[in-house]
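Going by the order they are written in, the chains are A, B, C and D; count residues from 1 in each one.
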Amino acid sequence: MTDQPAIELVGIDKKFGAVHANKNINLTVAKGSIHGIIGENGAGKSTLMSILYGFYQADSGEIRINGKPVNIKDSQTAINAGIGMVHQHFMLVENFTVLENIMLGAEGGALLAKGVASARAELKRLETDYGLDVDPDAVIEELAVGLQQRVEILKAMYRGAEILILDEPTGVLTPSEADHLFKILGVLRDQGKTVILITHKLREIMAITDTVSVMRRGEMVATRKTKETSVEELAELMVGRRVLLRVEKGEASPGDVVLSVRNLTVKDNRGVTMVDNVSFDVRAGEIVGIAGVAGNGQSELLEALSGIRQPSSGEILIDGQPIGRASPARLRELGLAHIPEDRHHMGLVLKFEEYENAVLGYHRDPKYGRGFMLDLDAMQADATEKIEKYDIRPPNPRLKTANFSGGNQQKIVVAREIERDPRILLIGQPTRGVDIGAIEFIHRRIIDMRDQGKALLLVSVELDEIRALSDRILVMFAGHIVGEKTAEAGEQTLGLMMAGIAA
Amino acid sequence: MSTASVSLPNWITYGLMPLLNLTLAFVISGLVVWLIGENPFEAVKLLLIGALGRGEGIGFTLFYATNFIFTGLSVAVAIHAGLFNIGSEGQAYLGGLGAALVALALDNYLPWYATMPFAILGAAAAGAAWAFIPAWLQAKRGSHIVITTIMFNFIGAALMVYLLVNVLIVPGKMAPETRTFLEGGQLPKLDWLMELFGLKLGAAPFNFSFIIALVMCVVVWFLIWRTKFGYEMRTLGISPSAASYAGIPYARTVIITMLISGGLAGMMALNPVMGASARLQVEFVGGAGFVGIAVSLMGRNHPLGIVLAALLFGILYQGGGELSFDMPNITRDMIVVIQGLVILFAGALEFMFRPALVRIYQNFVKA
Amino acid sequence: ADIKPALVYGTGGKFDKSFNEAAFNGAEKFKAETGIEFRDFEPTGDTQGEQAIRNFASKGYNPVVAVSFAWTSAIEKVAAEFPDTKFVLVDSVVDKPNVRSVVYAEHEGSYLVGVIAGMASKTGKVGFIGGMDIPLIRKFECGYEQGARAANPKIEVFQNMTGTTGAAWNDPVRGGELTKNQIDQGADVIYAAAGATGLGVLQTAADNGKLSIGVDSNQNHLHPGSVLTSMVKRVDLAVYNAYMDAKNDKFTPGLQALGVKEDGVGWALDDNNKSLITPEMQAAVDKAKADIISGAVKVHDYMSDNSCPK
Amino acid sequence: MDYIDILISILGSTIRLSIPLIFTALAGLFSERSGIFDIGLEGKMLASAFAAACVAYLTGNAWAGLLAGIATSVALSLVHGFASITNRGNQIVSGVAINFGAAGLTIVLGQAWFGQGGRTPQLTADGRFGEIRFPFAAELRDSGYLGKFYADVISGHNILTYMAFAAVPISWWILYRTRFGLRLRAVGENPGAVDTAGISVSWLRYRAVICAGILCGFSGTYLAIAQSAAFIKDMSAGKGYIALAALIFAKWKPVPVMFACLLFGFLDAFANFMQGKSVPGIGEVPVQIFQALPYVLTCILLAGFIGVAHPPKAGGVPYTKER
């Protein structure tokens, strides 16, 4: 590790319309180091790195590479400057082969034939040098996510990247895959390459980075030597105040089984089995948490339970009655409410006014209009009530939903589902991208629901959240439930189970 | 900085921007006129006089506008549910069959006002039926509705020609058309309405279907913004994933929406078939289905906007006809050019001026 | 009397080298002789005809001549609205006190060119390409077939119609393909009665070194040496006469049927096809013409019973 | 005339009628494979036919006509590109606009310039692409069916016909064997991948629509000055849509595109042949059946009853990075 900076960002500023994603950011990354960037969802990490990679253009600011100012006007300039990036959402052509994806943009001549041979040879070399092996003739859509990520890394290496940016690479990986990735990153560093690693997992930061920078709400709030900081300090820097890791809650008093799942198998749109023969029960008055790395079938499980996706076999029972192929609308009538994982895509119609979203899914209720009519006055009155009760800001039911902040948007969803007073509540990622104040509020409501004797199923990729709220924890891995633990189980144990290693 | 998410006041989005787009379309049309060697200003004058100068001209203008209101509504309803129905043309063509069969069957026995409800139902049902298959294919098999509705325009045209040439034609007559409907199968002219304004309708075929069109505007407005089904349509149109989360049945919503859309397109046939020529002829739709796309786009998919845009196109159609009469060098097809330009600028290039307007507006607000 | 003559063409356009151009020529001739200007209008679609006719009438034009059967119902309507205006409809009949309907004995003219075709064919096979499939065009075909058979009793006559809607008048590509089909089947003389579609027929015949027969106007000059002759239909006369009669206060409504006898239909001979017409053909066609006039030959009119004798 | 003669006659006709479809469908292939839907094929074909006919008439040179046809069609492609690539407008709407504009403008200008009802003046042989007779075609014609096939199906077409058939393997080669083709296919599936590979999405898509323009220019030119000898209003008569249907029918692949076009051309030729003839036991088959068949077949394909047609994933969606 030398002291010569590989990258210097000076005064980078970027707005997306009303959203100020990066505010006057300064950042220096030393050559031959692994530099971590952490921050909550929406802090502006991806934006900053995409600017460095030439994917977005900064509104103002300067980028220096190896001390020289570079005008990075597109990704080509960035690639030529030796920068490679593995995006949070993979940038692969799904029906192309690995080889085609790797050659794309670096074909080595106007005709493909020439480049193919040298690309194959180069791939072979990278494979042996870094342990990045993948079949060059496999079609991307048939590869597992971990392998797809490997292709992304290969793409960057193939272009001779000296500086490698990885945007949340471990979100889709099992711990062992993540370990393998970190090993590769170590090798890269040893060869003098510079790595920038974006994540919001503090443990990873502590484990492999040399330096870490923290972003909050578009600002770069601090940079520390990893050795000289602690998880606690980073967490505080990230959210701007002390984190309440524990939620106050009393003992659970579980009642009858309300929701049960028997041998449930669910396939995704591509026909891949995502939930494989899963069975469990949820009782009244308890919170069952489902822990797991994203992409292990939790989403499909929630979709099946809420009627959005039809399971391919097995059954779901409410009060012991099989629900058959009940639609989400029918399930709502049965007293099942659902806070979806992704409020932007499912929970809300961003272009609707707030009061319209406040009835989404319940719009056929006679309360909101008789017969086939809608009663706008009743809808607005209802929305105003919830706005007050949940302190949604600004308190205007006629405002377009897109114009609320993320936390308030989430409150709109939470209010809608909880205020129906359901008997069963499915909850997906309740606090994703939500600020601390709102997190506490939402957690409180969830506990209240339990104490009122509702059956709650909680899915979250945040282990802390699962542990703080759940009375029982089921761990999901590769579509299976690999084990059940209580909240007292150690992080270590749960982590291993999430990796599919121990039961 | 991207300007896409900056919001502008309504008067800019719904007033100034369409106006600028329209102006550009007309300026380019003017250039074409000038290229042909005619005076564009003179042309505009003749066009406006032709469309609005006399009672008869206004009658024709409103007659054409009636067609476009129906097809515009048809396109708009589908768009609200996220469906691009470019099959209004074919649905209207089939609608003519529905209307004509009713008229042929009943004109002998019933007065027009008794025939009319059946004719409306017949036209709407036939148009809806023609929309059903593309709708079903989209809903159940995921076939792209744009492509299937294009295909169905052609299939419909072939079917209608076959029927007119081989089945419905009056034996011994040359033109492939049905017999002329009797009074009982015709919609009455709206001379009284024109006379209220002291205008003479003359020969213009401005007829009762205009009133039906206006009623449908109200019905559509109500459907979209005041009913539960309208809410579901809009949810599906904006966010299919939210719709599925909300338990809004995709296939049912798509099919019903397309049936409504096709029904509205089919009702357009009342105007030319029962209101004007009193018979079913080949190609009577004459592109009105496609004009509906422009009308809906320009009217921002809102019934009120659609009425205004339909009036504009009515003026173009009627005024264009008169213009070509007075300036023989400019054929009536000039209006097709203008339509194309309006669709281009008000539709595909809808937001061309937005970034500039955002910049100007922001400077203005800051100042 | 002072007149303001007007002319509405069929949808083929004024310079279609055929039907409409003939009408235009008649009006031009009138203008040249009398110095009286006329207004004309070229609808490019079926919907525009009625509006144009009404427009002329309402602006005081009189007489208003509309050529093409497509304007039948338009004349029917507008003539009732403007009882003081004189209308002339070519190719179709409207029975109104202020309408003169001019129809032609196309079967007679077609018979004459059929005779020539029958004699000119070396293969014993001739073809006919019609535009829109309507009784009027069947009438052309039927006369042609009779003439060809009169010249050569063993002749084989192919016939095709381009389509069933107005678009059939304007589809030279399909016209050409149908011609090619007939040529492939052995036809070496092909008669086109198909408006602008005929241009494709004549072109294809010329491209393939076969003979063709034009229609309505004299089309011999289009492909000299390939167009055997043209069945001329004197639409120019109808227009010219209408204007002249109106000018001289001699306009009469009612039906005018123009046949071979009235020189309303005939065949064209000029420098372009002189070399193609042998003296024998000339003699035969002259005789046929005389026989028709004298009544010795009666050419069957398809439209009289909607059938053609085989 | 025996069956083989009939068949050869129909095959010859099939080829003539397929050519504009092949050019146009390949045009659509380039555009749609790059993620730009193009229902303006019809309009481009029409406009280039008009331009080709005008220029061929004025210059008396068919090649000049071809150039004009291509230039016009490319110009319209650029309009489509400007609307759908630069301005991220709705691609369907832009295509509809181009179809309207071309339909109107060709008649308006044609009528204003030539006064022939929207037609252009008849061309002489110089202004057209004439037939090319292969060596010994005439001699071999009478030497049995193979000779006849050679003379009437293989030989005797104009140069554009042979170019159309050459365009198929060339398009395949460009798409699957060149850098441009790789990128073009990629940008239609995932423009983000292309962008992050340092390639300009816009410029790539512009080049794709320009390719589409060039090919449509060929097809329009073929219509006006090879197949016919003048421009006639509306002469594309829905061929652009048939080509679109063929493109879908062929699942966006070059060689199948050729076969789909030949199939649709055959239907047309067969309809011409059947016209006026009656089938024993059935009677006269209405031509409308043949006219509707390509569309019906395509719908059946789209319904997934004969395999599934997956359009390019990013097709029809404007590429935006910043919301």
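The rule is short, and it goes like this: a residue touches a chain if its C-beta (ideal position, glycine included) is under 8 Å from a C-beta of that chain, and two chains touch if they have at least 3 such contacts.
The shown structure was predicted, so the numbers you read here are calculated from the model rather than taken from an experiment.
Trainee: Which chains, if any, touch subunit B and subunit D both?
Mentor: Under the touch definition, subunit B and subunit D have A, C as mutual neighbours.
Trainee: By number of C-beta pairs in contact, which chain pair leads?
Mentor: Looking at every pair of chains, the most contacts join B-D.
Trainee: Can you compute the centre-to-centre distance for subunit B and subunit C, using the mean CA position of each chain? Integer Å is fine.
Mentor: 38
Trainee: Roughly how many whole angstrom separate the Cα centroids of subunit A and subunit C?
Mentor: So the centroids are 77 Å from each other.
Trainee: If you average the CA atoms of subunit A and of subunit D, how many Å lie between those two points?
Mentor: 47
Trainee: Could you please state the distance in Å, as a whole number, between where the Cα atoms of subunit C are centred and where those of subunit D are centred?
Mentor: From the centre of subunit C to the centre of subunit D is 35 Å.
Trainee: Going through subunit D residue by residue, note those that touch at least 2 other chains and give them in order.
Mentor: 107, 111, 118, 322-323 - these are the residues of subunit D that touch more than one other chain.
Trainee: Subunit A: which residues touch two or more other chains?
Mentor: If we look for residues of subunit A contacting two or more partner chains, we find 16-17.
Trainee: Could you list which residues of subunit B touch at least two other chains?
Mentor: 2, 4-5, 161, 331, 333
Trainee: Please list each pair of chains that are touching.
Mentor: Taking the chains two at a time, the touching pairs are A-B, A-D, B-C, B-D, C-D.
Trainee: Enumerate the contact residues on subunit A facing subunit D in the complex.
Mentor: 16-17, 53-56, 74-80, 85, 87, 89, 91-96, 100-101, 103-107, 109-113, 115, 155
Trainee: Could you pull out which subunit B residues touch subunit A in their complex?
Mentor: Within the complex, subunit B contacts subunit A at residues 1-6, 226-232, 234-235, 238-239, 241-242, 244-249.
Trainee: Hey, which residues of subunit D end up touching subunit A in the complex?
Mentor: Its residues touching subunit A are 176-183, 185-186, 189-190, 192-200, 313, 321-323.
Trainee: Subunit C touches which residues of subunit B in the complex?
Mentor: Contacts found on subunit B: 56, 60, 161, 165, 172, 174-176, 180, 202-203, 277, 281-283, 286, 321-322, 324-325, 328, 331-333.
Trainee: How about subunit D: which of its residues touch subunit C in the complex?
Mentor: Going by the criterion above, the answer is residues 1, 5, 8-9, 12-13, 16-17, 107, 111, 114-119, 122, 130-131, 152, 223, 227-230, 232-235, 237, 269, 272-273, 275-276, 287.
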